[in-house]
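Following this line, the structures themselves.
There are two complexes below, and they share subunit A, which is joined by subunit B in the first and by subunit C in the second.
Entry: the complex of A and B
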């Protein structure tokens, strides 16, 4: 069992708290992604798990054992770096074998068996005797992944392994990653700033910002029910619409709502915003029940051939993501309706309802 | 391209890839030919002549007689050469080992307070003029008022040591000054070599439980060896030419105990003005330098070729 417990860990660089009092745990055998923009502290947190960085305060436990003061070599973790590390004087299979060579408890036969297994999983059997010069950057990173998992440590860390890769190599690596994790049930922490990658790979995603974990949930929950406005904005392409709203006697009113939204019973004080995903906004040329009129100001073709439209409604700009082309041309009037069930209510950037 | 867009004059020469290469190379080639190729050929020619600037006689072609004299004369080159090679091998070995050790210490202490000041102080000897260093050390080594003997006499009650006057000690005293001056260079090269090692690879090796000595050969040496070998090569060639450091200290003496090849060449050419003999001597030194450089480059390529074949 290798549950990772991060017990009130803080890391300061001078006055900056790169990791600010994080207290959470990653369950055994789970693939957890640390997702966040550059500089949010995700890599620092991972480097502390690996032992390459010492926390300023707090403890780190692997499977109930305090490893906070242990050097990297004594923690029994595998790690894959952003820079693909393949030892240049060793062949692919020697690379995979290396971390086990210094572990007396694994017999040479067992080592060979594990190396062969990983070679098969990674589909690299023909390259077993190849050297670094023979491999492209994606294959080198595959070797690094293989080396991190072949030793069969209970914890494997991935620090943005696909960042420097081309599109093709990236897909190959993600495929390899899935193959490997399916075969060997290790506890995996995967750092990335790419939300698609996180959504594809993770069992659970920890969304980070400014040294704190904002939300730790399954990919689907994180997407549909972000706990913060930042989460709504960061996830999705484009991110969530945020439209100012006001408290009125009939409930919560906003330019894009035809009927006011019923206010929850304990609405805190503060600035109210409503959030709605662009693909949840319905758009038509004719007015319908619960629709508001707006002017179509911009349109573009987005991912997977979907249409991205910007509509101005009473001073607010609403992004709309539809499968079909917009029903009207640029500058014409269009009617938007926002299903109340899809609306999320934020007060001062935190979700309160929806 | 329409006729109106065709560039004019010089611009057209620069646009043609063939002429552009020559135009861009011309300044450096001119410099190289005037200051390097012509003097070297002149030197080669002069080495076959009996030519003394003090005799007033015109140069006389004597074939290989200069070379014969260098090898068989009363001041045979062999003594100077063996002394010089001892100087080079002992000096460069010591400077490399100590320099590398210091480099590792500085590399491993990136957060130590005062590191920058310590590094600046360490590199100070390297930026001094060798003549000034030599002159200072003549005073430091002086048997009557030098600070070393002051410490030895008043601190430890030892008899005065004539560092530069004793033929048995002078060579090593001079070698010590050379090392004082050039060890920092090898520290610098070590730091540069260590800087070329990818950080992720070092960290990966640490996580992969690779023992320290194995990490040294697997990761550090592999990435740093080219710069280290380059440093050793530069130091070897430079050490082979040592002249200005020794002149103010011993002028090659006492006896001939610190007379390296460059000192003998300097004396014969610029004190005795035996230009023919000196040219022949210089040609031999040039050949030795080229041979040493070739060996280094061969060794470097040998490693790489072996890796490619493996």
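Entry: the complex of A and C
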């Protein structure tokens, strides 16, 4: 059992708190992604888990054992780095074998069995005798994954392993990663700034910003119910629309809402915005019930052949993501309707309803 | 046309090389001549070689000890210096202890100091502690003089080795010893060899301190050359030529063996690749 508990961990570099009082846990056998923009502290948090950095305060526990002061070699974690580093003069299987050689508790036969197992899982059997120098970066990274899991440590850490790879190598690596995690139920923490990767790989995603964890949830909860405006903006391509709203007697009014939204019973004070995903906004050429008129100001073809348009509604810009081409040309009037059920209400950047 | 130009270039290069090589050729040839042949005008290029000079040189028992001293002192001092410097440079490069920059400057300042400036205090110290005429203490003195330069050159190389090697090693269960000697050391081999050769040449040529804080037991080849040159009243050319020819052998052998590393080393690690 290797549950990871992060107990009020803070890491300061001078005045900057790279990791700011994080208190959470990753369950045993779970694939957790640390997702966030550059400089949010996700790599620092991971390096503390690996033992490459010491927390300024707080404790880290693996399976109930306090490892805060243990050196990296004694923590029994595997780690895959951004850059795969291997012994270039050794073959693939020798590289997989080497870290275990220094572990007296593993017999040579057992080592060979583990190496073979990893080679099978990674589908790298034919390359076992190849030298690292002859492999491309994607294959090297696969070997690095193999090395990290071959030791059968209960925790494996991944630090943006696909950052330096081409698209094809990246897909191969993600495929390999999936196979490995399916076969070997290790607790995995995966750091990435790529939301697609996080959505694909993770059981749960921890969204980080400015050294804090904003939300720790399953990928779909994180996407459809972001707890903060930042989460809504960061997830999705493009991110959520945020439109200013005001408190009125009839409820919450906004330029893009034909009818005011019923206000929740206890709405805190503060600046109100409503959030709506671009793909949830409906667009048509003719006015319909609950629609508001706007001017189509920009359009582009987005991911997977979907159309991405920007519509100006009464001073607010709304991004709309539709399957078909927009019904009118640039500069013409369209009618947008926003289903109330899909609207999320934020006060000062925090979700209060929806 | 280009062929002609290439031939011209090579011709000039050969000419320059020969100019530089001429004194060495002269001294080596002279070591096989008699005193009269050495001083003959014009110089004799055709002569019947004689080994009398070497025979005379080795007839003196002291010479073997002086050569042995030179080899022992220079190799010993340089090995001590390179080992110490490598570990020190690794520490400076990786752990960056407080005041690293100041310490590095301090090390360099030792190098800026001309040797003769510290002769008196060093002499007094060696006399007071009874270290004079001792192989060990002379060796350590030379090591001390070689360390600053070695630390500088090796820190440059070590800074060029990414810490991701260390981190991968650490996480995969390697000890620091494993990382220092098995992972990082092979990558800075050119730096180690450059430091080794430069310091070897320095200690091999060292005369002043051997004369002052050494003694009868620790005499090296430069000392022997200095004393032997005037031993028979005038300049003893046969002795000089034979002794010098032997004197040159060790540096030439080492430079020949390690020449491919030397270019990288002499550019102080500026020519280096990552990953």
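Annotations
Definition applied: the second predicted complex is superposed on the first by the 354 of 354 C-alpha atoms of A that agree within 3 Å, B and C clash if a C-alpha of one lies under 4 Å from a C-alpha of the other, contacts with A are read in each partner's own complex, and residues count from 1 in each chain.
As a convention for this text, contacts are C-beta pairs under 8 Å (C-beta built on N, C-alpha and C of every residue); 3 or more make two chains touch, one makes a residue touch a chain.
If you're wondering where the values come from, they're calculated on a predicted model, not measured in any experiment.
In this superposed model built on subunit A, subunit B and subunit C take up the same space, so to speak, and clash. In the superposed model, A:102 makes contact with both subunit B and subunit C. Of the two partner chains, subunit B is the only one that A:131 touches; subunit C does not reach it. Touch criterion met: A:50 reaches subunit B and subunit C at once. Under the contact criterion defined above, the residues of subunit A that touch both subunit B in one complex and subunit C in the other are 50-52, 71-73, 77-79, 81-83, 85, 98-99, 102-103, 147, 151.
Contact residues of subunit C toward subunit A in the complex are 162, 164-165, 167-168, 170-175, 178, 275. Partner subunit B is touched in their complex by these residues of subunit A: 50-52, 71-73, 75, 77-79, 81-83, 85, 87-90, 98-99, 102-103, 131, 133, 144, 147, 151.
Residues 198, 200-201, 203-211, 218-219, 222, 307-308, 310 of subunit B are the ones touching subunit A in the complex.
Of all residues in subunit A, only 50-52, 71-73, 77-79, 81-83, 85, 98-99, 102-103, 147-148, 151 touch subunit C in the complex they form.
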